[in-house]
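All chains are identified by letter, namely A, B and C, in their written order; residue positions are counted from 1 within each chain.
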Amino acid sequence: MQLTPKKTLKEIAAMISAEYAGDPDLVVSGINEIHRVEKGDITFVDHPKYYKKALKSAATTIIINQKMASPNGKALIFSDDPFHDFVSLVKRFKPFQEAQSMISPSAKIGKDTIIQPGSFIGNHVSIGDHCLIHSNVTIYDNCTIGNNVIIHSGAVIGADAFYFKRRPQHYDKLESCGAVVIEDHVEIGANTTIDKGVSGSTTIGSGTKLDNLIQVGHDTIIGRNCLFAAQVGIAGCVNIEDNVILWGQVGVQKDLTIGEGAVVLGQSGIAKSLEGNKTYFGSPVLEANEKMKELALMKRLPEVIKKL
Amino acid sequence: MQLTPKKTLKEIAAMISAEYAGDPDLVVSGINEIHRVEKGDITFVDHPKYYKKALKSAATTIIINQKMASPNGKALIFSDDPFHDFVSLVKRFKPFQEAQSMISPSAKIGKDTIIQPGSFIGNHVSIGDHCLIHSNVTIYDNCTIGNNVIIHSGAVIGADAFYFKRRPQHYDKLESCGAVVIEDHVEIGANTTIDKGVSGSTTIGSGTKLDNLIQVGHDTIIGRNCLFAAQVGIAGCVNIEDNVILWGQVGVQKDLTIGEGAVVLGQSGIAKSLEGNKTYFGSPVLEANEKMKELALMKRLPEVIKKL
Amino acid sequence: MQLTPKKTLKEIAAMISAEYAGDPDLVVSGINEIHRVEKGDITFVDHPKYYKKALKSAATTIIINQKMASPNGKALIFSDDPFHDFVSLVKRFKPFQEAQSMISPSAKIGKDTIIQPGSFIGNHVSIGDHCLIHSNVTIYDNCTIGNNVIIHSGAVIGADAFYFKRRPQHYDKLESCGAVVIEDHVEIGANTTIDKGVSGSTTIGSGTKLDNLIQVGHDTIIGRNCLFAAQVGIAGCVNIEDNVILWGQVGVQKDLTIGEGAVVLGQSGIAKSLEGNKTYFGSPVLEANEKMKELALMKRLPEVIKKL
């Protein structure tokens, strides 16, 4: 998320009553979670395991729970609870805006786009030309829909990321400040859900077709001309390259990549990155011909045990 | 469900034109299915296999399809079709009330609670303070939502239990007279569905977070601070204790218990109760380290078969 | 889909500027995809592998991408891109009609049928008597609902078939011209989705009960008195006979048949037709007792490997 207007290090630190190391006039131009940071951004880190990653990231300002000297050209803000302070900044810069109507006056709707009755279009949503939004669809604030997009009834675009921090007595929520971007010629099935990014954009690439009842997690990026059958579930921060086909009820864990042209058969479970241009099957997934061999061998188990 | 006003045994028997054994002035104060009966309740039993359970239950009055003497302090109502007569009583005491508006005038909405446009709030629903109900949510009659609850778009709270009795030519529906109770600080994902109890309350414990497209069946009770990822499916009458984590697409069969602190990995299938504080994987589920061993052994099958 | 008024071969060929072989005054009375053609229909075929099937089908007129003599009593229309020309005819005969209100004035609603607020009823929808349509349901144009049907909130009836043709740079969509037919005494769960047929009708047989979050693909035909638990996914063009029970999260691939009275246990994956009156389990599915034996044998693998 970009900050408009931009802030200085000194101003940000004052908002959360924190000490800092670095140039007080350093400009903070955006606020983003560590997976999607750019130069000028403020982010946070709260575990020594990730200190190095955060300090070496593109982020310019880091909220951190250990005092140390600030690295070259970066600034540090010291906090006992960086997660809490980061969330409080997100809430301050992006407060929830209650809707006054089913279609926000601030939404931009392109020409020849049809929005059927009963659909909710949030604040600052942008929808391109020649789209068809069926009834009872929900599009949360700040999402962007391209041209020639079809969204079927009951789909929910831009609900909050499922991202919580365990505390001793409860879970704390990381407020999402990202959105969803749906590119041109995409079709979204009925009752499919696509969560917003926690800081960047969950993205559905041009020409991709999603069937019904699919889940796409926060910050996941899906390439062009993919085809996902019904009830596929994709966790957060996944990268799916172009021309990937996932058959029904496939599950994909977070933080991995599926290579271009991969095909994954129904009900498979994907827990690690997959190379492109291969066919996969099983839970956990194997290359399909390996899995088929394994299934054939299992049929010979009675014979094996008899022989022993 | 409580009866207001209370009825006598004699009055209830007259409603279904049935004979009875017991004190005609015995008070019937509630009507509940056998899983959730309390003292003063009327319930039903229609198979000899369950007679003993029903007669020993907390229920005070039992509709039963065999004449017998009534046990101490209890009453029996004799019926050729206890299921049918039970359902007719439920329909009489809790008839469906057609809605006149998107938000029922009888609903109680707490302070600082936001209800986005397009959401339906049924009769006698109670929603606490500081809640955020996103657009196109449906909350059926009589459900109770605590404080600081977030419900995302398309979620359906309180649809009927999926509970049918097989007849020779069709299925008969057990009318639900229960509701859903969602405690404080719960978050419910987009297009998630939580069915009402057939007599008691399907309950989501305080601090629990549900992701998108999850199914929770009737009369299931979920503890505090649980975390369920997208597309988890939980059948009816399940008890899930506190701090349980279910990853994506896990399936849970009816009438079982998952112990406190259990973690179940993605796509697992749970057909029997699980002890707490362990990690599980597989369909059917095993302890995760056992399942991992099994998967490793299966990789050695070609070698085994070659050796023989 | 029936054509009203009917057209002649000559008129149809002119609409897509194509040459043809056959009687120019031959009557074209319907337009349907090859799976559901009847006498008088026009259909298309674009791959030599399916020429024979198309030429021997009940269809009277076939759009085909190879010049040949027309078979007895049939007509051929020659096209470089039969898929494209077929779709353009469908769009011409069945253009999308934008809705003007939540309940179309052209919808027929039977007596004693309740439609709760927030539901969308499309053009030319027909709903029988004594139905209960809960809030935030969507029923697309031309669907037919019988008597005594209950549809829970968020269900989507009649969204487009998920049916695309791969082109070098994108996917082309086959426009659906079919609908959904729901027979008497059916119950449809919350957020369940049932797609329309591409040419015929996706059909839910009398007395069948569907739980929440189920997907039913285009042109699938489900028999009478079936019972499907939550999150079941059924692809397109499946035939499910009467009295079939599918437990939670079962997946069914396209173009197959499940025989009468079959029972399939939770999370099973069905990739080929199943005989009736048996119980099945596993992904891929086996008869349940075979699968149980296999699971028992797998438990003996450590012993087997030790012995070798």
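Please note the rule applied: contacts are C-beta pairs under 8 Å (C-beta built on N, C-alpha and C of every residue); 3 or more make two chains touch, one makes a residue touch a chain.
Being a predicted model, the structure only gives us computed values, none of them experimental.
S.K.: Same residues or different residues: which describes how chain A and chain C meet, taking over half shared numbers as same?
M.R.: Under half of the interface numbering overlaps between copies: different.
S.K.: Considering chain A as a copy of chain B, what rotation angle in degrees (nearest 5) results from a C-alpha superposition of the former onto the latter?
M.R.: With C-alpha atoms aligned, the rotation comes to 120 degrees.
S.K.: Suppose each chain is reduced to the average of its Cα coordinates; what separation in Å results between chain A and chain C?
M.R.: 32
S.K.: Two-or-more-chain contact residues of chain B, please, as numbers and ranges.
M.R.: 118, 136, 154, 191, 213, 231, 249, 267, 283, 298, 304
S.K.: Would you mind writing out the residues of chain C in touch with chain A in their complex?
M.R.: Against chain A, the touching part of chain C is residues 96, 98-99, 101-102, 118, 120, 136, 138, 140, 154, 156, 159-160, 162, 164, 169-171, 173, 191, 193, 195, 213, 215, 217, 231, 233, 235, 249, 251, 253, 267, 269, 271, 283-284, 293-294, 297-298, 300, 304, 307.
S.K.: Considering the complex alone, what residue numbers of chain A touch chain C?
M.R.: 114, 116-118, 132, 134-136, 150, 152-154, 185, 187, 189-191, 207, 209, 211-213, 225, 227, 229-231, 248-249, 266-267, 283, 295, 298, 301-302, 304-305, 308
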